[in-house]
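As structure tokens, here come the structures.
Shared chain: chain A. Partners: chain B in the first complex, chain C in the second.
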Partner chain A sequence: MKQQERGRISAFQYMCILLVIRMTATTVAFPFMTGHESPTDAWIGALIGIGGSLVLLELMVRLSLYFPDMTVVQFSQALLGKFFGGIAALLLVGFWVFDAAVTARAMGSALVNAFMPETPVLVFIIVTVFFGANGARQGLEITARWSELATVGVLMTAIMLVLPFKAMSFQNLLPILPYGLSPHLKRAATMTSMFLRLSVLGMMIPYVRNKKDVLRYTRYTVIVSGIVLTAQSIALVAVFGSRAATSAVPTLQLVRQITIGEFFERIEIIPVSLWLLNSGVNIGAFIWASSLGLAQLFNLNRFEPLTYPIGGLAVLLGMVLFKNYVEQVRYLIGLQPILVPLVVLGVYLLLYAGFIFKRLWFPKRTNSGAPAALEADPDDTK
Partner chain B sequence: MIPNRWLVHMTACLVTITLVMTVTSGCWSRKEIEDLAFVMAMGVDRSPSGNIQMTAQFAKPGAMGGAQDQASQEKPFWVATTEGDTMFEAFRKLGYLSPKRPYLPHNDFYLFGEDIFREFGLKPFLDFIIRDTEPRLSARIGVVRSTSAKDFLQAEFEGMPLSSEALRGIMNHLMNAWGTIPDITIREFVDRMESEGIEPIAMGAELIPLAPDVEIEGDPTREQIKATATLGGAAVFKGDYLVGWLDGFETRGLNWILGKVKNTVVEFPHPGHEDKIVSVGILRATGKFKVEAEGNRVRASIEVNAVGNLGCVQEPVDLMKEPELWTKLEAGAQSTIEDEISRAVATLQRLGSDAVGFGQYIFRRNPRQWATLRERWDEIFPAIEVSTSVKVHLREMGVILKSTESR
Partner chain C sequence: MLGRLVKKTKVLGWFGGKKRSGAGPGRKAEPSLSLSGVLEVDEARIRQAFGNSLDLVYRRIAIGKNGCIQALVVHISEMVNPQFVSNAIVERMVDKTENLTDPHTVYTHIRDRYVEVTDVTETHDIQRILEEITNGSTCIFVRGVNTAIVCQTQGFNQREVSQPSTESTIRGSKEGFVEALATNVSLIRRRIRNSNLRVEHYVLGAVSKTSVALVYIEGIANPGVIEEARQRLSRVKVDCIQESGQLEELIEDAPLSPFPTLLRTERPDRVTGNLLEGRFAIVTDGTPFVLIAPATFSMFLTAPEDYFERFFAGSVIRLLRYLAFLISLTLPALYIAITTFHQELLPTPLILSIAAQRDHIPFPAVVEAALMEMVFELLREAGIRLPVVLGQAVSIIGALVIGEAALRAGLVSAAMVVVVALTGVSSFATPIFSLAISVRLLRFPLMLLASALGLFGILVGLAVILTHLLALRSFGVPYLEPFAPFVGREQRDAVFRSPWWAMDERPGFVAERNGKRVPPGQMPKPPEREEGTEEVKP
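Take a look at the complex of A and B:
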């Protein structure tokens, strides 16, 4: 057995990583609000999305817990065989690299749009990706500790939502359902696709010390981030009314509205620096997951040498994927709700199919097709 | 091998630190405070050739503060005017006149000449303000009545040399002690513009030319103030275009409905002595309205509650002896407020601009019904029947119980 990753994290750190991933760059762009119709009652869409995500992530975690010592890359090969499992795993790994690039670009573009129009977006991308890749290279524990620090950002975001109270008017939240439920289903799809980025949990679960808590903490993640995001959508509508949906960087504009006693103003630098940190940790987690996944897929001895090349790939992708921020937002609200569920849910559907197939036809030999790199017998957990 | 690795490590660290330092400390797109010219108020007019004429009032930090008499020596602001086809171009062209980089985030007022909104509508001007990263959405938008914004920004104020500060002072005073101007920031203005069933309004601004002071005594180093300025009333829009004005009291009528009057003075004829005036100081007021629609018939009912104190009377009163006078005074105040409200609504109906948000009320409570009314709202709104109920509670009468009377 090749031990590519030696680190172990606690269930709380696991939750922190997931929270940071959910709450980063997307918090700045807030795609589930931006560009959708009927912003006034966006919280309905948010609640639908949270409900759906709760179910989907629960299923993903439960599958992982059947193989408590294998990452999703390893047990996909165990379930689907070396070739098809490999392809499924490669799809997931590819998605993580891609998403690291999307995240980096979202953060960079938001900063360029809102603060420093003269600075090339490449600079922000390189800085965040380099930070993330460097952390990923040191193993999961480093990323986990960073994420504990960056979770302060979630708290900060929550505070930021209350501070512009002077500009809020809760009458703006009316009417409820003026255009029916369909815009909310689209919005919920966007929200769910953002939650499916948490599929990196398939890589992290084997390294969580206390596996009993994993399921519980995954639910906490969805609920906490869901509450913050719903609150954010409500605060945005209360402040901006229908304009909440037309702003490119709604969260930044929200923070800009904070005025307390005519002197406590222009504090946007605090959340922005936190979002930068969050994006770095987020990208770090994605790079760690994809390089470890690749190493396990191709039976390499170490995953560390892969982190910088993958980071470089993410930088490159981040630069070439989108021409400008508009394309990025169009991806986030148009393509992502289709693409991400297609990849992640497709892979997990295959895995579940393989799992049920093995259960039904080979009840004793669940592990027959497993690669040599198996550490423990998954049957122990049943 | 080991020094080599150490070298690689150090290089990596140095590169990271340099990158982080350049980016986070803002060294890249840095703006030093001494290189910036702070725009304190901005005016936009139509130039004679039909372009956008932008006037910016810059702060002159050197002339601010300091000794008392210094303020009279030098104006703490200077004004530059440029022309351009778009707001962006005109703003950038300020660089032809300003040695420092024009910097917008501290700007509190966007003032527009009256003609420009009547002819061009809002679209060409607002986009820059909400698209660019520099302007703040909490700035105020004002329309200058009958003069150009360029002249308006030349106005000076006694007692507060920096005229944008003075304007802000007057604005706060009018909002807190009179309620005769709308309390609308650019953010709310744009929200009204985009929302269903409500039209934007903006602050009205007026230039007051002063007679030239002929007998100048003392230091002739500085000209006397040529013109000062004031705010008041509201510019009413319909869709993109300026359609008319509410005067100060009509604006207060609108503010009564919206519950935005904080503290104000209400006057009415003395009960029993119609040629004398009583004024009442209102301390706080709440206002709300309901709209009901049945087919084409729309009824609005407005409810205002106000609490106030007796301000002054011209005809002596003895409230100890005539306790029923309280109700008469309250009724007088109520009728004035009702009158203001009905005047405001009548003017808005004449202009055809639903600045109260009657349509928005229906849209928010009953979006389906609004969908049927929306297209015909222009015809429905002027015919809305409005019923007003105002309650004024007079609490105190000042520090005397009985008016002074000559024997």
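Take a look at the complex of A and C:
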């Protein structure tokens, strides 16, 4: 097995990458609120979604930890055979490229809507993706350090949400559960689909230095981002009431409420800049994962030359996926909660099936579940 | 007098232990000739090698009983201490050997008893003798003996130790490095009186044979890093090293980066502090600038004073410096972006006032900003190059050109003048000038990006710079080390400087083996008192 990525990251950096990926998806657009019924109860759906995501991510991480030195692309081939494993891995890689494109497009259109309506969205997509691919090309360590810095942005966003406290009225949260639980299940599905973007962790776990902490930090990620999201939805409803559901970029409107000392009035530029950096890092992580995945799938020597072409593909996809902003929002609300679980959970279901099958078939061969031939890996250096 | 000389020779003697002059690159692999023992032949060889240079001194003396033995003393006149040579060598050679007749006895007696120099060696290799003479040693030849005595008698004119001109502080040592390597090493050695302080000697430059010393503390510095430094130093192949900047370019990690990955300083206290954190220093002969590595970004925004003044003040001032760094990098670009694209970001009265000022300006904001920045850089450069007596003239012209005249002539707006001035002042707040230079360069691409894409362009420019910084390493240590990768413990000495009693650990990336600086619990407390008494318990 060739060693394409030589960097090693700490478990803390791993958590930072996941946090950044998770938070970018919902900072600008707030898809589990927009367009749903019963917007005032958004936080209930968020909580259900967090519970579900905790279980699903735990399963994904545990499978990866059975193969501590292999990425999901590598062990899928070990479990399902060269051909079917390759197809499963390709599905995941394709999903990451697709998601990088969606992220770039979402960020670009938010910038166009909010600040520079005359600039074509292509400019923003190209520049953001270039920034991401540039980071991805330098390897996982750079992406990890970037996300450590970007996590500061995540935390600042969380703090900023408390600032318009004068405009908040918690009466808006009442009544609780006016439509019953069913809209919340739909919302929870949206939330879970967002958490499933974290499937890139399958690529990162082999490069984490301290594997004991991986599970713990994955849980932290889900809980921290869940808390921030819940607080965000409560703050939005407290400020806007049920109007929150009709806005396309509610978070941005929330930040627009903030004035500091009646002098700094439009400080939304600060969170938007942070979000831009976050989405760049996010796209970088996806591009890194997909190019490394491709390199491992086709047994290439290096993954770096793939980063810019994959970035180009993401730009192209980002341009052709949606005709306009409405389509994009419709995708985020309608299609994503079905498509993402179908791909990611489908692949992982197959992997687990293969895993159990192998365990039943060769129960005595190894105690870790990996075929013995793979355990004696010459590159297995810590 | 003698005490001073002994001290001086001692300083030089420190190199004795680990001399690597033989391993130096660029040394010609000539077949080494041995001394013949015939004075005339050997002198002719040396004369031939130096080609009748003006400053060579060949002193023939007759020693022994009735002057029966011929001896030759060779040195370069301005590289040695002449008093010392005449008192401690020539005079004693003549006086003490009056009863001896055998040249070999005379030779051994001179070598072992008479010469009043602490560092005395002998050799028969002519190549080595030539090197020693160019180094400022005095060589003694005795007729009939085919080895020569080499006495370390260096003594040349050097600048007095004075206040460092590029890094001044209010509180702290006023000593700065000078050009002489031995003095510089002694300045470090005087601050760390510990036998674990290692000084390794290298001779670099095929022609110039410049002395370079690698200084570190054994047991604190990471041996892997030191080995890497040794490797890189011995890989250097140039003909001459005039300044440590030259050396820096030959051993740094990222030769194409605009950012410096080795810190240069004129202050011995900065070197001492960094040695104690586990870094190493490279002292180059002929320049007061000492290189320190592994260097991280935060070191460039640290002044020695941060550690000497109270820690509250130190922290706030350091924070101010980070702010100044950001201002000097982005302020002109922000001005362009805001006046061109994002007028809504400023409060209405302010933007109206700026718009009114810019109303009669013929240029777009980017041209205005580039023009003023260029003028400012020009003035700054001219100010450095001009003779000191003319400096005032430049500042008068500068103030007039940048300030009043340009405004009155309607070339630039007053807000632009403020922006340029603020940028200039902020760039002077960077304690290490080599970082300020890279910021100066990066400001212009950012201004271009701002004029094309507004704040978004600035953000992307900064992001690309930051990606580059994140990928940088200095001798294996990530450049943005306490921030990304984030090290919680080291935040005590990053943007904020915590009190000395709380900084009980060395930076983990640098000092891997010996991380503990002092035992914990150093916070001073008043002594405990017994109930009801004012007396202090013994």
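Some observations on this one:
Definition applied: the second predicted complex is superposed on the first by the 359 of 382 C-alpha atoms of A that agree within 3 Å, B and C clash if a C-alpha of one lies under 4 Å from a C-alpha of the other, contacts with A are read in each partner's own complex, and residues count from 1 in each chain.
Basically, a contact is a pair of C-beta atoms (placed from the backbone, for glycine too) under 8 Å apart; a residue touches a chain by one contact, two chains touch by 3 or more.
Everything numeric here is computed off the predicted structure, so don't read it as measured data.
Contacts of A:L149 after superposition: chain C is touched, whereas chain B is not reached. Of the two partner chains, chain B is the only one that A:Q171 touches; chain C does not reach it.
Of the two partner chains placed around the shared chain by superposition, chain C is the only one that A:Q138 touches, whereas chain B remains out of contact. By the touch criterion defined above, A:F115 lies against chain B and chain C together after alignment on the C-alpha atoms of chain A.
Contact with both chain B and chain C is seen for A:V123 once the two complexes are overlaid on the shared chain.
By the touch criterion stated above, A:G280 is placed in contact with chain C alone, chain B being left untouched. Contacts of A:F12 after superposition: chain C is touched, whereas chain B is not reached.
Where the contact sets of chain A with chain B and with chain C meet, they give residues 115-116, 119, 123-124, 127, 131, 134, 266, 273, 276. Partner chain A is touched in their complex by these residues of chain B: 12, 16, 19-20, 22-24, 26, 28-29, 105, 133, 136-138, 187, 190-191, 194-195, 363-367, 370.
Listed in rising order, the residues of chain A touching chain B in the complex are 113-119, 123-124, 126-127, 130-131, 134, 167, 171-172, 174-175, 177-179, 239-243, 246, 253, 256-257, 259, 266, 273, 276. Across the interface of their complex, chain C is touched by residues 10, 12-13, 16, 111, 115-116, 119, 123-124, 127-128, 131, 134-135, 138, 142, 144-146, 148-149, 263-266, 269, 273, 276-277, 280 of chain A. Residues 341-342, 344-345, 347, 453-456, 459-460, 463-464, 466-467, 470-471, 478, 480, 483-486 of chain C touch chain A in their complex.
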